[in-house]
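Structures are listed in the sections that come next.
Look at the two complexes coming up: chain A is in both, with chain B in one and chain C in the other.
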Partner chain A sequence: MNILSEDTGSERGHFFEMAGESRPCWSCQSDQVTFFNCSSCTAIQQFLHDTDYFTSFNMGYKLNIDLDLLEKQYYELSRRFHPDYFQQKPKEEQEISLGNTAFLNKGYQTLKNPQKRAAYLVSLVEGDDHLPTEAPAELFEDIFEIQETLEEIRALDQSDEAEFKKLKTVLDVSLEKMREFELDEKEKLHSLFVKWDCIEADRKGGSFTDEQKGYLPQMKQILSHTAYLDRIINDMKAAV
Partner chain B sequence: MAHVVGIDLGTTNSLIAYMDGETPRAIADDKGRTALPSVVAFLEEASAESVLVGEEAKQYLTTRPKSTIYSVKRFMGKGREDLKDDLKMLPFSLVGQEKEAIRIGIGKKTYTPTEISAHILRGLKARAEKALNTPITKAVITVPAYFNDSQRQATKDAGKQAGLEVLRILNEPTAASLAYGLQKEKEGTIAVYDLGGGTFDISILKIKNGIFQVLSTHGDTLLGGDDFDRQLLKRIRDEVLEQYDVDLLKNGALLQEVRLMSEQVKWQLSSQTSADVSLILPDNKGRYERQFTRSEYEGMIKGLIDRTLESCHKALSDAKLSPEDVDEVVLVGGSTRVPLIKERVGDLFKKVPHSELNPDEVVALGAAVQAKILSGGITDMLLLDVTPLSLGIETMGGIVSRLIQRNTPIPTTAKEAYTTHVDGQRTVSIHVVQGEREMVGDCRSLAKFNLTGIDPLPAGMPRIEVVFLIDANGILNVTAKDLRSGKETTVEVTPTYGLSDEEAEKMISASMEHAKEDLEKRQRIESINEAETVLRHTEKALAQGSDLLDGDEREKIEAIMTQLKAAMSEGTHRQIRETLTELNQVTQRFAADLMSQTVKEALKNKKLSDV
Partner chain C sequence: MSYSKKVIDHYSNPRNMGSFDKGDDEVGTGIVGAPECGDVMKLQLKISGGVIEDARFKTFGCGSAIASSSLATEWVKGKTIDEAFEIKNTEIVTELNLPPVKIHCSVLAEDAIKAAIADYKKKNNEG
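And then the complex of A and B:
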């Protein structure tokens, strides 16, 4: 079902009826404003400042999402708002189209990636978008060794290929370990997603439950680990 | 209805196309030729400014080499120091100071590449006005996908100078995909390999229900058919110099002749297995004669093709795809007629590339399609493009803080909060750069501007929010705002030429090569920044809590502080880190005491229930 089409929009429309704040049309002052435009004068409307990515893509606050559906929504919304379709319109509408599309593009990039999606949800709930980057304590020893090896590779004479090969082998082993650890972390994250979604499915509006909020610290920790692992894996790949 | 046209402003040839109903068509001249050679000849003796463009100008390449300009696209948006030695093999002269835009010297006058390009655009515009019998005022102009912000701006300016409202700067491979999609009505993942006269792009796209979504793009704005010719030119130059003691570089007309000859050899070797060259040398020095075989030629260009294939791998990797995931490969640009390219590209993607669309016209045709979309004539097709290069801002120590990653869908915005480093600081300068490297000096500088009038506050207190907006043209706008005062500075990012544009061309590949040293540099600067903060705090603490320290302890701390300062100026990041850890250890007890003293003092006059 195309849930963004206008005919079905009204029944599923609670996401698009501007949760919280509502505002008259900037152009004709009518209050007949939908998510897409003003029903009275057809001018497009700027997204409200409290619109979030989950809402604008009509995905609900779920963490396991249907990526095909997300893409479909992204295409549909792009067709509504893309600046290419507003070249003939007044300047104000062009600017709104630009801003809304930039918002959708960022939203799509964020929701597409499970880690970015979770980090975004955490920032929505906690109102703080800063996530630390932290090495997992279990890996301190390995990381110390990796840093040492990286250091040695850096100090290496370019022509010393035998030594480079040796160090590369060492690094390759650690790289595999880091990757495995990251995979485990991602699996843990996934099982938290499942738990979150379970409660989310039963939640009838209102704010998030305490049980849901209880999962956030664990998610944050995993995200800070994966962020760290991404970085060190990149450094390792760059070095060899 | 007024026509909005699509223009392919190419290195070697330029084209103009329009929509004839549902069909895009390239507009031909009186003789039926659609390609307009991107050549501009300035005839000095003629009245006022007698400027010839296209075929008319081309004939002067060998007779007036100093005032007949070709391949000007290579200089768009560039500074003098961007040019490699290769580019100095030119019969006309490049002038301009360091850190300024390149200018081309013709007689007593100089011209920017933008002005020369505007002449080409005027030629195309006149052709279309004549053919369609209507004034042309609006256009979509294509650029290589890998063009940076300065190069895009320079192209847009050229359009403006030619009297055109540039509705969109469109990426060439994306344009090609539109024309391809329209003709083939196919869906799936396609790779567009676009090798023109002077530039190379690879774009990976997904086509679905009329949406053309670019997944990733990569390229090299200084790699094209011209470079193939230059390989041959160099070989001939070396042989002529060695055997006949004649230096082509000292004879503009002869150089131009050999360049055109090299181009001929390239075309001949696309269909034959050998090509003959014969050149009469001046001053009765005899005749240079030579036969080139296809395999010998392929040996010369192999390295160049390898570079394009590396770009293909990077684009695939950014799109998180493997060659098997690509359903079709489309070849665009005249240089893809070289058989070795078809073969190598086919090998990489494991499928025979499509070349049945006219590779010379497909970009202009796609631009015409986009022009119609923008004027409201097509509503079921939509392009979703990306920005080819990462964007960032300079932070402490010359490190780039990346705000927008390469291959992010556009339009897009990014916000970042910044703060001051010195108490009472009232101005923050913001330096915007484009590129993939860690250090500012290795990226392309786009703009520098100041946010003034910040309320004087202790270091770290102000919050300055910087917003980057990349529009649908891939052109950047930056706004900075002091969140406390609400004061705003908007910046139109105008081309700043020079700096490290040569880097900009190779930024991604270089970022791979230099990743090691970048990493060390970055880590070192990060450690220094951290050490500075720790030192500042320690000094403050030493002054505040002198009664909490005995002489030995103080001496120990001060000794390590001296060590740390030494490590900061000369040591590696590792040494800085180690000394920092040591300092943290020796100050641990003292810091804890100081903390509890501060807490005690704070609580002194309060009842427990108030806490």
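And then the complex of A and C:
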């Protein structure tokens, strides 16, 4: 079912059903509204904001997504709401167009990135968008060494190239190790994606299953690790 | 949030900062970290005849973490291993007047002492 395959018959897609059910047109109060605009007064609608990113991009609640399709949807939807097309329209419509575009941009950036996508799903299911940054316990010795090396680099006399080279080599080894660890975490996340999607494919509406919810704590832990690793990897890159 | 005078004192004049040779059999090394903030702490004990003769620390973290570890090195000196093992983070909280959000820093210091003792025992086959 493609929401963008125009407004004909039952192929209109879930957005159209959804739009009519939720609210009438903000401008003329007609209930003949589509997801994009009012069939009666043609005013642009802001129903995007009633949805979440997975729904608005019509990706389903899947964690492994087709990035080409996502991009395609993003361009198509952006085209429908682009502020350029509303320059001659009333101020309200210009604002809705801007708001919708901002929503789409943020949604695209969120869904494009696997970690952000998973974090967003977790926040949707749990209704809490706070995700902690957490250092993996088994890395503390490495982290300590990294901090020590970073400190030495900061204290270094700029002209001392030989010493800098030496420290950089030390740091590069640690950097590689952090990257490998992060890669492992990402692979673990990916295998959780597969498990989630497997159940999601069989789920017929309703709420997420307990089994699906059971994967969330693991996802959260991995995400908090990758957030921390991103931070320390950036610190290391900035230092050299 | 403002730091207590004692935290500021330890932070500006850290006691026993530095390191011992990790390979020394008389040295126990504990490296611990706080997952939530990424603070890391290294605490080393020089032990002879079951008594802690000297201690060193190095901490990358906030003022409270530095003060907690600095205080811990002061406290362990002269104590037996068993006595040092009994040091509780709550004592550090009281001494430094740490606010609730900084209690984990004192936990870190307690964990570091215990980790250093465990490392020493392992090295000397007492574990």
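Operating definition for what follows: the second predicted complex is superposed on the first by the 223 of 240 C-alpha atoms of A that agree within 3 Å, B and C clash if a C-alpha of one lies under 4 Å from a C-alpha of the other, contacts with A are read in each partner's own complex, and residues count from 1 in each chain.
In this section, contacts are C-beta pairs under 8 Å (C-beta built on N, C-alpha and C of every residue); 3 or more make two chains touch, one makes a residue touch a chain.
A quick note: this is a predicted structure, and the numbers were derived from the prediction, not measured.
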| item | value |
| --- | --- |
| Clash or fit (per the criteria above) of chain B with chain C on chain A | clash |
| Chain B versus chain C as contact partner of A:Y228, first or second or both or neither | second |
| Partner chain(s) touched by A:F144 [first = chain B, second = chain C, both, neither] | second |
| Partner chain in contact with A:A238 - chain B first, chain C second, else both or neither | first |
| First (chain B), second (chain C), both or neither touched by A:E134 | second |
| Partner chain(s) touched by A:Q88 [first = chain B, second = chain C, both, neither] | first |
| Partner chain in contact with A:Y108 - chain B first, chain C second, else both or neither | first |
| Touched partner set for A:E180, first chain B, second chain C, both or neither | neither |
| Which partner reaches more residues of chain A (counting touched residues only), chain B or chain C | B |
| Where chain C runs into chain B (options 23-31, 41-49, 77-85 or 95-103) | 95-103 |
| Residues of chain A at both interfaces, chain B in one complex, chain C in the other | 151 |
| Complex contacts: residues of chain A adjacent to chain C | 132-137, 139-141, 143-144, 147-148, 151, 224, 228, 231-232 |
| Chain C residues touching chain A - in the complex, by the definition given at the top | 31-36, 38, 40-42, 58, 60 |
| Chain B residues within the chain A interface of the complex | 167-168, 208-209, 211, 213, 370, 373-376, 379, 382-384, 408-413, 469, 471-472, 512, 515-517, 519-520, 572, 574 |
| Footprint of chain B on chain A - complex, ascending | 75, 78-79, 82-85, 87-88, 98-99, 101-103, 105-106, 108-109, 150-151, 153-154, 235, 238-239 |
